[in-house]
Amino acid sequence: MLEVSIRHAYPDFTLDARFEAPPGLTALFGRSGSGKTTIVNAVAGLLRPDAGRIVSEDRVLLNTDRGIRLPPHRRRLGYIFQEGRLFPHLTVRQNLHYGAWFASRRTPREDAGKVVELLGIGHLLDRRSGGLSGGEKQRVAIGRALLSAPRLILADEPLAALDEARKSEILPYFERLRDEVAVPILYVSHSASEVARLATTVVAMEAGRIIRRGSAAEVLSDPAILPAGAREAGSVLTATVVAHHADGLTELDAGGVRLFLPRVEQPVGRKLRVRIAAHDVILSRLQPEGLSALNILPGVVEDVRQGQGPGVLVALATPAGRLLVRITRRSAAQLEIGVGQRAYGVVKTVAVAPTDIGVTGS
Amino acid sequence: MLEVSIRHAYPDFTLDARFEAPPGLTALFGRSGSGKTTIVNAVAGLLRPDAGRIVSEDRVLLNTDRGIRLPPHRRRLGYIFQEGRLFPHLTVRQNLHYGAWFASRRTPREDAGKVVELLGIGHLLDRRSGGLSGGEKQRVAIGRALLSAPRLILADEPLAALDEARKSEILPYFERLRDEVAVPILYVSHSASEVARLATTVVAMEAGRIIRRGSAAEVLSDPAILPAGAREAGSVLTATVVAHHADGLTELDAGGVRLFLPRVEQPVGRKLRVRIAAHDVILSRLQPEGLSALNILPGVVEDVRQGQGPGVLVALATPAGRLLVRITRRSAAQLEIGVGQRAYGVVKTVAVAPTDIGVTGS
Amino acid sequence: FAAASMANAMAEIEERFEASSGHDVVVALAGSSVLARQIQQGAPADIFISANPGWMDELEQDGLLKPGTRFDLLNNSLVLVAPGRDAEEVDISPDLELAGLLGEGRLAMALVEAVPAGIYGKAALENLGLWPNVAAQVAQSDNVRAALAFVATGEAPFGIVYATDAVAEDAVSVVGTFPPDSHSPIVYPAANLANRDVPAETEFLDYLRGPEARAAFERHGFVVVPH
Amino acid sequence: MNWLGPEEWRAVALSLQVSVWATLVSLPLGIFVAYALARWSFPGKQLLNGIVLLPLILPPVVTGYLLLLVMGTQGPVGGLLAEFGIVFAFRWTGAALAAGIMAFPLMVRAIRLSFEAVDAKLEQAGATLGAAPTWVFLTVTLPMSLPGIVAGAILAFAKAMGEFGATITFVSNIPGQTRTIPSAIYAFLQVPGGESSAMKLVLVSVAVAMVALLLSEMIGRRVAARVGGRDA
Amino acid sequence: MNWLGPEEWRAVALSLQVSVWATLVSLPLGIFVAYALARWSFPGKQLLNGIVLLPLILPPVVTGYLLLLVMGTQGPVGGLLAEFGIVFAFRWTGAALAAGIMAFPLMVRAIRLSFEAVDAKLEQAGATLGAAPTWVFLTVTLPMSLPGIVAGAILAFAKAMGEFGATITFVSNIPGQTRTIPSAIYAFLQVPGGESSAMKLVLVSVAVAMVALLLSEMIGRRVAARVGGRDA
C-alpha cells in the first residue's frame, strides 16, 4: 500500500495530489512539468510539502497534521534520481556500496555481482563518475539505489538515457523486484510501453493534479484521457505460457485463444501480461487468411469511440479479454463497424515488442 | 558536408572514428558507452583528440596534422548537451539569449518568440534554472542552442527527457532547420524512429568504431547490424501529399501507390518521408479484403533474411520502393515465402506514428 | 624581563653570568609596556628592566616590586640623526632652525606620547622651544628602530633616537646630541619582582651592577648609572 | 558622539578610507591573480603562489620594512613612481598600500577557492555558445564565484582595518595622514592607563567591521541563492 | 647548518611546534564552526560570525592583551583551567593558542566557502541512501570540501608561522618557551646590527612556509581531481 496526499505551492505551480495504490509498482505518468518529480521528492522527504500524508506499507513517512516527518535517511529508500547524482569523489564501486553501508546488516539485500552484471557496469567499477557516459552514469545510479536494501524504490525516469537493448535487459529486473522481492516502487516514465509492462497501478497527472488512477489497462486505454497521447492506447491481456517452439515462437493461452509471440524466456505455465498497442491490431470482419499475422482473436464489438483525430477506438470483447483496436474513421465506415458485430482482431506476432511482454504482478 | 576523423584514447576506451556526411542531419546511433558524446565533444572543441581532422561546410575546425584547432567559441555551435548545463545564475530568458549576444549581428537568426512558443517555455522566462523540471531544463537547453545563430548544431539526445506529445511538436522544427535553414546537424539519439525521421545520414557506432554509415533507410534496415535492435528495422518511403480528406486522413502517392496516413499537416504536393517499421507490416499472399488496414502495397519478394531470433526479414519490391517486412519464421513457412513471389504488404494507417512522418530533406 | 632595546647587551651579559655563576638565566625581550602588563597578569618573571620609568612606577604602585630593590641601571642620551655617513653637524640649541632644515621632509621619532624615546624627544624639543615649529612634521613610529629606519633609508631627513641606536647604524650619522638638561634623564630602572623568590635573583641584580656587566653595557653604547 | 575626541574621529575616518581603498584597488588584481592560480599553469606558478602568501608569513614589521626599502621615495620602485607624482611615503596612500598588501593573501585565497568551485562544464557551455574566454570569465566564472569574491573582499577589508605593524613601519603614525585606528590603539596601549581610550577605538573598529560583515553576508546570501539557481 | 645559532634553531623548532599544533587543534573546531555558519541558521549566527572574524580586525596587540586578561593565570578562564593543570600563560601552549586564534578567521572562511560550494543535491542523495546527517557530512560534505579545508589549514599554518603581535603580548618572548621565529626576528630588529640575523630567520620561516604551501598544493590538486570525479 502506498498512500500519498500532498499539497504544495511553488510560486507558479501548485501540486494538489492524492492517490492510493495497492502493493506493487505505481507509475506516475504525465507531461513534462506536471509535478511527477515533485511528488517523488515529497515521498523521499527531500521536499517538505505544505501539507500532506504519505504512508508506505504501514510506515507513516509524513503526516503534517500529526507533525510526523521521517527524515530521508530513515525512510529506507532507493531513489534513482532523474539526474544521476552520483558521488563524484567516490569510485563507481564505492557509489554502488554506499547505501549498503548504512543499511542494517540483517536486511535481505540484492546480490551486488548480479546487479553489476545486469547493468553491464563491471568494467567501470574502479573509475570515478566524472568520465562516465550519460547512460553509464544512469546505470550506476540504478545500481546504487537497488543495492541499498530499500523498502521503497523511487525511480524517476530511470531508463530514459538508455538504448533499447539495455532497457529490455533491465525491465525484467524491475518486475522481479515488484513480484518476488515485493518492494513497493514509485516509477516515473514517459514511455507507455514501460508503464504498461511494469505498472500495477498507473497514476496519470496533469498540471499538478491526478486526473486518473487505475490499472495500466484501464488508464492507458481510456480514450477520454489518453495521458500519453492516442498512440499509446492499448490493451493488456493476461496469458499463460503453453509451449516454446523450435522456430523461436512461444505459444500462449489467453482465455482459450492461442497467441504466438517471439520467444519469451519464461517457463511453461507462467502467467504473462502482454500489452498490445491499439494501433498494432488490424480489425477484420472476415476470418483472415493468407496473412503473415498469426494471432487472430475473434470477438464482438463492445464499444466504438470516435476522437477528434482520424482514429476510432474499437473495443472488442474476445475470450482473451478486452482488446482495443485503433482504426481510421474511414476503415470504420468501410467495415461498417457497429456495436454487437462479430469481428476479428489480428495481431502480428512480431508486432508485440519484447518490452511489452512482462510477467504478471500479484 | 561534415567530415570527421578522430582518434582518441581514454584509459579503458579507444575511439577511432572516421566518417563523412553530406549536408543535412547526421545521426550518431549506438549503444550506451559507444563513444557518441566523445565524438560530439571533439566536434565542439571541448575534447582535444589525440589526432584528427574535422571539417564542417568547408570550415576546418580541427586538423592536428596542420596544427589547426579552432577554439570552441569560434566554431559557431549550438550544442545541446546531454545533461542540460544551463547557467544557474541566469534566468531562463538570459540563458536563451546568451548565445545570441555573442553572435554577429548580421547572422540570420531564429525568432526567439517562435522558439519559446514551440518549446512551451514562455511561462518560465523569468525563473532561474534551479527549480525547473527535468523536461523543462532540457527544453530551455534546446532553445538556448537554437537561438545562438549556430552554423553547426550538435544535439546529444535532445529529446530523451520529453514526453511523446512534446517530442512530436519539436521534431518538425529540427526538420525545418535541416531543410530550410540548412544548418548541418549532428544528432545523437537512441530512438530509431527519431533517427529515421530526421537523419539524412546515419552513422552507427559500436565500442568506439563506426560500423556502418549510410542513409537512414540503408542503415536502419540492415539486418546485418540492426544497430538499434531488430525491433527498430524498417523502411523509409518517399511519398507526395495528394489530398486531405474530411475524415482526417491524408492521401499520399508513393510511386503510384496510394497511401493513407493520419492527417499530416503539410500542403498538397509536399514530399514526405514515411518510415514504416518492419514489424508493422503484414505480409499477405492474397489481395487482402475486409481488413481495417488501408494501405496495401503490391510487390515482389526480393530478399528473405533469417536472423537468430524467430523473425525473418522480407524485402518486398513495391512501386513505392523497397518495403521491409518482419514476420515470424513460422509465418514464412506457412506462406511459403520465396524470392520472386508476388505478395502484398499491408500497413495499418494508424500504425504509422506521426513521429514517423517527416518532410524530406534535400 | 628586559626591554627589547637591550637585546644585544643582555645576550652577552647572560652568557657571562651563566658561565661564572652556573645559574641559568632566561631573558625575555619585548616592549616595556607589554612586559609590564604581563607582569601585572602574573608572568613568571623575576627581574624587570624597563626602558620607561613610567611602567616601573605603575608596577611599584601595584605592589609588584620587591621593596627596596629598584634602582636605576642605565642611562642613555638622545641624539639627532641624519642620513649618510658624514652629515653636517648642527648645534642643538633653542636657535636651531630645525623646521628650516626639514623643509618638506619629516622628522622621524618614536611615538611622542607612548614610547619613551618619543616622550623624551618631545620634551626636549619643547624645552628648546622647537616643538611648535616641527610638530606637524613629526612622523611617529612604534619604536626607535623603526624611526631610525626612516632616516637610514633617507625617507626622513632627520630623526631623534637614542645614542645607542645611532651608534650601530652605519647609514646615519649623529648630527647633534640633545643637552641632558633638555629632557628628564633617560633611565632604565631595574627591580626585583615581588611574586617569586629565586635565590639567584639578587645575585643577578648585583651582577648587573658589577664591572663585567658595566663593560658589556658600555660596549653597546649605554651609560651605566654610577652607584 | 562626544566620547571620541576629534583626533580619534580622524583616525576612524582615515581607517575607513584606507581600508576601503585598499580593498577596492586590490580587488581586481586579487581576482586576476586568483584566476591565474586557479586555472592557468605557467612556469613560476608556485613562486607566485608563494609570493602572494608572503605577507602572511612575514612579521608585519618585516613587510613594512621591505615596503619602505622598495616603495619609499628613495627605493627603486618608489623613486620611479615619485617621478610621476605617486608618493606613498608618509601618506595615507602608503597606509592603504601596506594594508592592501597585508590583506592580499586572504583575498586571493578566498577568491581562488571560489574559482576552483565553478563547474568547468558551464564554462564549456559558454564557449560553445560563442563566448570568448574573457567573456566566459565575465559572464560565467565571475558571477558564479561572487560569493567567494565577496567573502574575500570582506576578509581583506577586516584585515585592512586591523593592520598595524606594516603600516606604522612603512608610513609611520602621522595624525590625520597615517594614524589609523590600530596605530592610535597602539599608542594608547603604550602608556600606563591608556586602556580605556584604546577600548573605545577597539569598539569603533569592531562596529565598523561588523557592519561590513553583515552587509557582505546579506549580499553573499542573495548572490549564493542566484548562483544556486534559486529564484530570490 | 651553522649559520644559525642554537638559540635560533630553538626558535625555528618552537615555531614549527606552535604552528603545527595551532593548526591541527583548531582544525576540528574550524570545520565545525564553518559548517555551522554555512549550513545552519540559529539565533546569534551573525554574532558568531563576527566573533570569529574579530582577531582579524583587532590589532594583534589587543587580541594578545585580551587573551592575557582572560586566559592568563589570573584571568577568569585561565585561572579555572590552571586548577586543572592547564596553563597557557608564558608557555608554548599559549603561543599556540594565540597563533591559533589569530589564524582562526582565515581557516573558517576558507572552509566555509568550500562547504557552501558542495552541491546540496549530493547531500540529499546521501540521505536517501540511508546516511544520517552526521554520516552525510563525513562521507559527502567533508570529502567534497577537502580542497578548501586544505587551503584553510595552510592559510592558518602560514598565519601561525608569522603571528607575532598577539603572541608576544600574551606569552611574552621567552627563549625556548615562547620565542617563536617572529619574536626572535623582532628581538633582532630592536637592536642595532641585528638585521642580518633577522634576515636569516626570515628566510627560514619563508622556506618552511613554502614547503608547506607546495605540499598543500600537491594534496589539493590530487583531492580536487578526485572531487571533480576525474580518475587521478
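The chains carry the letters A, B, C, D and E, assigned in the order they are written, with residues numbered from 1 in each.
In this text, a residue touches a chain if its C-beta (ideal position, glycine included) is under 8 Å from a C-beta of that chain, and two chains touch if they have at least 3 such contacts.
These numbers come from a predicted model, not from an experiment.
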Minimum number of chain-to-chain touching steps separating chain C from chain E: 1
Most distant chain from chain E, judged by the mean position of its C-alpha atoms: B
Chain separated most widely from chain A, comparing mean CA positions: C
Intercentroid distance (Cα basis), chain D paired with chain A, Å: 60
Distance from chain E to chain A - Cα centre to Cα centre, in angstrom: 56
Length of the line joining the C-alpha centres of chain D and chain E, rounded to whole Å: 20
Chain centre separation in whole Å, for chain C relative to chain A (CA means): 90
Where chain C touches two or more other chains, by residue: none
Touching two or more other chains - residues of chain B: 83, 127, 131
Set of chain E residues in contact with two or more other chains: 61, 65, 186, 189, 228, 231
Chains grouped in pairs wherever the two touch, ordered by label: A-B, A-E, B-D, C-D, C-E, D-E
Complex contacts: residues of chain D adjacent to chain E: 46, 49-50, 53-54, 56-62, 65, 105-106, 109-110, 112-114, 116-117, 120, 147-148, 151, 155, 158-159, 161-162, 164-165, 182, 185-186, 189, 198, 202, 205-206, 209-210, 213-214, 217, 224, 228
Chain E contact footprint on chain C (complex, rising order): 1, 4-8, 26-30, 34-35, 37-38, 41-44, 143, 145, 164-165, 167-169, 220-221
Residue ranges of chain D touching chain B (in the complex, touch as defined): 121-122, 124-133, 135-136, 139-140, 143-144, 226-231
Residues on chain A engaged by chain E in the complex (per definition of touch): 44-46, 71-79, 81, 83, 85-89, 98-99, 102-103, 127-131, 144-145, 148, 154
In the complex, chain A residues that touch chain B: 10, 12, 30-33, 36-37, 82-83, 123, 127, 131, 133-136, 139, 156-157, 160-166, 168, 190, 192, 228-229, 231-232, 245, 247-249, 260, 262-263, 279-280, 282-286, 288-294, 309-311, 325-333, 335, 346, 348-351, 353-354
